[in-house]
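Two complexes follow with subunit A in common, the first pairing it with subunit B and the second with subunit C.
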Partner chain A sequence: MAITSTKNLKEFSTANDRFEGAHLLCPGCAHSMIVRELMNCTDDNLVIATNTGCLEVSTAVYPYTSWDTSWIHIGFENAATAAAGAEAMYKARKRKGTLKNPDAPVKFVAFGGDGSTYDIGFQWLSGAVERGHDFTYICLDNENYANTGGQRSSSTPIGANTTTAPAGRVSYGKKENKKDMMAIMAANGAHYVAQVAPNKWKNMAQAFQKALATEGPCYINAISACTTEWKFDSKDTIHVSDLATDSLVFPLYEIIDGHELNITYRPKNVIPVRDYLAAQGRFRHLFKPENEHVIEEWQKRVDANWERLQRREEARV
Partner chain B sequence: MALKYELQEVEVWDGNYAASHALRQAQVDVVAAYPITPSTPVVENYGQFVADGYVDGEFVMVESEHAAMSGCVGAAASGGRVATATSSQGFALMVEVLYQASGMRLPIVLNLVNRALASPLNVRGDHSDMYLGRDAGWIMLDSFNAQETYDLNLCAFRIGEHRDVRLPVMVNQDGFITSHTAQNVRPLSDEDAYKFVGVYEPIDELLDFAKPVTYGAQTEEDWHFEHKARQHKALIDSRPVIENIFVEFEKLTGRKYNRVESYMMEDAEVAIVALGSTVESARVVAKYLRDNEGIKAGIVAPRVIRPFPFDAIRTALENCKAIGAMDRSAPGGALGMLFNEVSAAVYTTSSRPIVTNYIYGLGGRDLTLEQIKDIYRELKKNADAGEITTKIQQFVGLRGPKLEFFETRRG
Partner chain C sequence: MGIGNVLSNDKRGMIELGAEKKVGWDEVTHGMVLHSFEDDATNISSQKAEDRNYAQFNSYVATVASWRVVKPVYNRDICIDCQNCWVYCPDTSIISRDKQMLGIDYDHCKGCGVCVEVCPTNPKSLLMFAELHNLEDAIASWPEKKKKEEN
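== the complex of A and B ==
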């Protein structure tokens, strides 16, 4: 893998931005941090497809666009297939010699929220990965349908209060566990899979670079803390992200070719899951005595998962 | 470089095979497709052409028809020639993306091999899928036999890719009757066909990084109306472009196409308006009735369904007295599409011919020559009486008691 060096903070802050700041995302939204870093970590030309969702509706409202690169949005579910179609056309035209700039390196990237990735676009993503298109799919995972006002998705964790899995007098909110897209994509045949978070930005840039340098389909699950629907102050996005990675609710790791698992970030001080939950309004009701069991079970699940990841890392299978 | 395919002056092809050869000769860059009866052979044959080196494109077999059209959109936005094929349920599944393809003004060619829509599940030909797509903003061409399927595919690339048009184009053919019936087809040589279709000229492509483009932006009440209005205008304004391409095609092949095809209409008193292979059956019947019963029968058939040939169909029908609009699609609680659109067109003439509606052939039910004769005889009765002598909408070829609705108040 040819990995270009990661920019340092100064270089990052002064680099030519291919994602314009004048977009309509909420103040404190992590989406733009992730997108900017993707576009900053490579000098290659980018064709970006984006599913309907917060990112799309906030960055391409006619007659404006935030994208100083090739960009396409079709529908809620099919960015992976749009990227696949573009990649197929690139291959055909390269072979036939009809590209305007045949030697320019090109990378194909698709963005989707968790609603479009875990739920409505699951089939399109799975199909594009199975067919082996040379592209990277990045899920901006904020664990709910934020664009439509905070409904549950299959990425929403157990116990979260959402508008369609509300907490109430007799309910602690969503009853089901979050779907494990990392395992699914690794099993689906993605050549490189990684979970990243914007607070660990160098780690994230390295994962992006690995994915872009890997031939074939790659999947990145990027945790995107949502100030609006997770209900924390917009200045606390990175703080909440730190709590997410340091509590190991969102462990950062990669899976190469479906079997080689590497943990890419080990917190020096692991903090309790309850500290992560306590920072967000969507979990406030879990701290009532009758719901405490959800937090306890969650901690056990996180511990078991961390154990599982470490075993997988050792086993190399 | 693709290998040349040696063709006979006359080949025996069915509609599907004819479509596959047209796609091959156009040297399509990307076909993204998903199989469904009866259109499957279009992409199977094409896949074989790719495997044998007769076309140098990417053949992407995706996991659904929705993905097929999504892949076509991504590919077409990347500056090359794109085509696919589908039918029925598959077409229904891709409807969402049909609107997006036309809204982004991407010249994709779609072979729609017409088949009924479930439920009940049915694989046979009717025009339910064609009707489902009629507001999707695509140019819609209709072929009545395999030769026309071939010819119209070649024309479809020219029309859709024309700088003044830039719209996706559907080529319809009747499931099984056209798609699976081997017929004589006179193809062009590979050189002549490609010369006619021409080299694809990319416009606003995703792969031109000197000029980044944003496809699929959002517009709300401030701009959406203007965009959709311009799209409609582009469709309406494509009429002369289509006509010019048909003229060019005639010069090359001697085969003449028109936005509206008229047969025996010069002195016709009664006319059937129909689509697909029914047009050919009606021609046989009209000639018989002229020879044997003295009924001045004619046929009018929209070759171009969208943009609807409001002008040309009115001209074609203006001088007849009674019209039977034949709809091969379940009307779903309304009058048939052809009835509504033909009625609207002739209503703006001073003669205002009488129009009645016949629903027939759903799910592949045969329409016999005898049934068509009876329809013409009814139309003749209407013409002589100067009013509708039957119910306005009648079902033809249906089992059980006669199904008919609505009476005229003209008189």
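== the complex of A and C ==
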């Protein structure tokens, strides 16, 4: 059996893809970059549950499936529930000795969008983590309900123009801050929590591998730049992701056992938040003089958050 | 068989029904299984695409080529096999074997242009051309190495 190595990109490229092409995600969609990498960074059998959202509807368009592993198609709020149920059944059958191949390594993974993770599937995710199932939940965080046309979610950041928090003459878009799912999941008892981005492929692969190797519930927040709703050209998905991580709007860090926080990527040149915003149509209105304050406040929030993360990293609490 | 079969031992599976007659989407019942492969799927992670027995339901056998208006063209002469294009392609359309980039899978490529953007060579080893542009003409018209701007 091929042993997947993520030591360097050449070695990694010998992985045999298990996420197939001719799915119907938009050209340049980051969801598929993240999912492909998860499936490439392990040789283990995978049981994957995916709830409604772009990923689910685009990879299981009858009569096709793009999944080379066991894959469960489930309702909007239930990715965590389905993975947890499969994991519980697997354990029970292993105990009873009714598995045909009990020694085959298998990992349970759930994929949900931010709409389902931060909002609609929130209590089910929280429950599955609290019950301690051995699974990894990966949120494909594109900061909106993309599959239904770009409504705001509790992951949408302040100032984004969405269909249900539109920017116009009287509003600069969404007014409420993005929910901190990393902190929530760490507090919820997830054994391993990490924020990753596809442009930092190695960082992301390491987080995936750590999560898969960790017994118990793990949560990964994967930033998924959405060409359609963030409004940038399909070729720029990696460029926009670079701006996201290098402006520290999306800092990459992990939290082990709820307290040990490690920053996993430190940009050599930190770029202004303004540059990240300027690359996306959803923030275009912020550059009008009357909205400039939103950008300034955002920069302050990012600076304060980076300071907070560094202090937490030092303090080890 | 491994865990895959534990979850798919339902005899109402699509294969069984599908073999008899084509099942319409509105005849799909709860618990139905769409098989990705014709045979044992346990060791898929150790098999290359060309060695797999894909089922008719695997999107691998489908194509999205008609989505493209522009296509990436690959120029082997300049490529350093860094595999950036492989890791970032969202459509599993960069064919790499034994650490070498071999080319583009035009059945699955949607022409997003990501691979061109992440290619580090000078000139790039991948460039976008109109879908109907002839491949040889594209290679013949490849740009020269860009000189570094003088300070």
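Some observations on this one:
Basically, the second predicted complex is superposed on the first by the 306 of 317 C-alpha atoms of A that agree within 3 Å, B and C clash if a C-alpha of one lies under 4 Å from a C-alpha of the other, contacts with A are read in each partner's own complex, and residues count from 1 in each chain.
Note that in this section contacts are C-beta pairs under 8 Å (C-beta built on N, C-alpha and C of every residue); 3 or more make two chains touch, one makes a residue touch a chain.
What you see is a predicted model; the values in this text were computed from it and never measured.
For the composite obtained by superposing both complexes on subunit A, the positions of subunit B and subunit C are in clash.
In the superposed model, C is the one of subunit B and subunit C that contacts more residues of subunit A. When the two structures are aligned on the shared chain, A:32 is found in touch with subunit C, with no touch to subunit B. Within the superposed three-chain model, A:67 lies in touch with subunit B and with subunit C [touch as defined at top]. Of the two partner chains placed by superposition, A:278 touches none, neither subunit B nor subunit C. By the touch criterion stated above, A:198 is placed in contact with subunit C alone, subunit B being left untouched.
With both structures placed on the common chain, the touch criterion links A:56 to subunit B but leaves subunit C unconnected. In the superposed model, A:158 lies in contact with neither subunit B nor subunit C. Once the two complexes are laid over each other on the shared chain, residue contacts for A:85 go to subunit B alone; subunit C is not touched. When the two structures are aligned on the shared chain, A:213 is found in touch with neither subunit B nor subunit C. By the touch criterion defined above, A:123 reaches subunit B but does not reach subunit C. Taking chain A as the common frame, subunit B overlaps subunit C at a single listed stretch, which among 128-136, 200-208 or 326-334 is 200-208. Put simply, subunit A uses residues 45, 47, 60-63, 65, 67-70, 72, 86, 90, 93, 99-101, 104, 106 to touch subunit B in one complex and subunit C in the other. Of all residues in subunit B, only 29-30, 32, 56-58, 60-64, 66-67, 70-80, 82, 96-97, 100, 200, 202, 205-210, 212-220, 223, 227 touch subunit A in the complex they form. Within the complex, the subunit A residues that touch subunit C are 1-2, 4, 9-25, 27-33, 36-37, 42-45, 47, 59-70, 72, 86, 90, 93, 99-101, 104, 106, 198-199, 201, 233-239.
Within the complex, the subunit C residues that touch subunit A are 1-8, 14, 18, 23, 25, 28, 34, 36-37, 41-49, 56-60, 62-64, 67, 81-84, 86-93, 96-99, 105, 107-114, 116-118, 128.
Against subunit B, the residues of subunit A that register as touching in their complex are 45, 47, 49, 56-57, 60-63, 65, 67-75, 77-78, 81-86, 88-93, 95-96, 98-101, 104, 106, 123-124, 126-127, 130-131.
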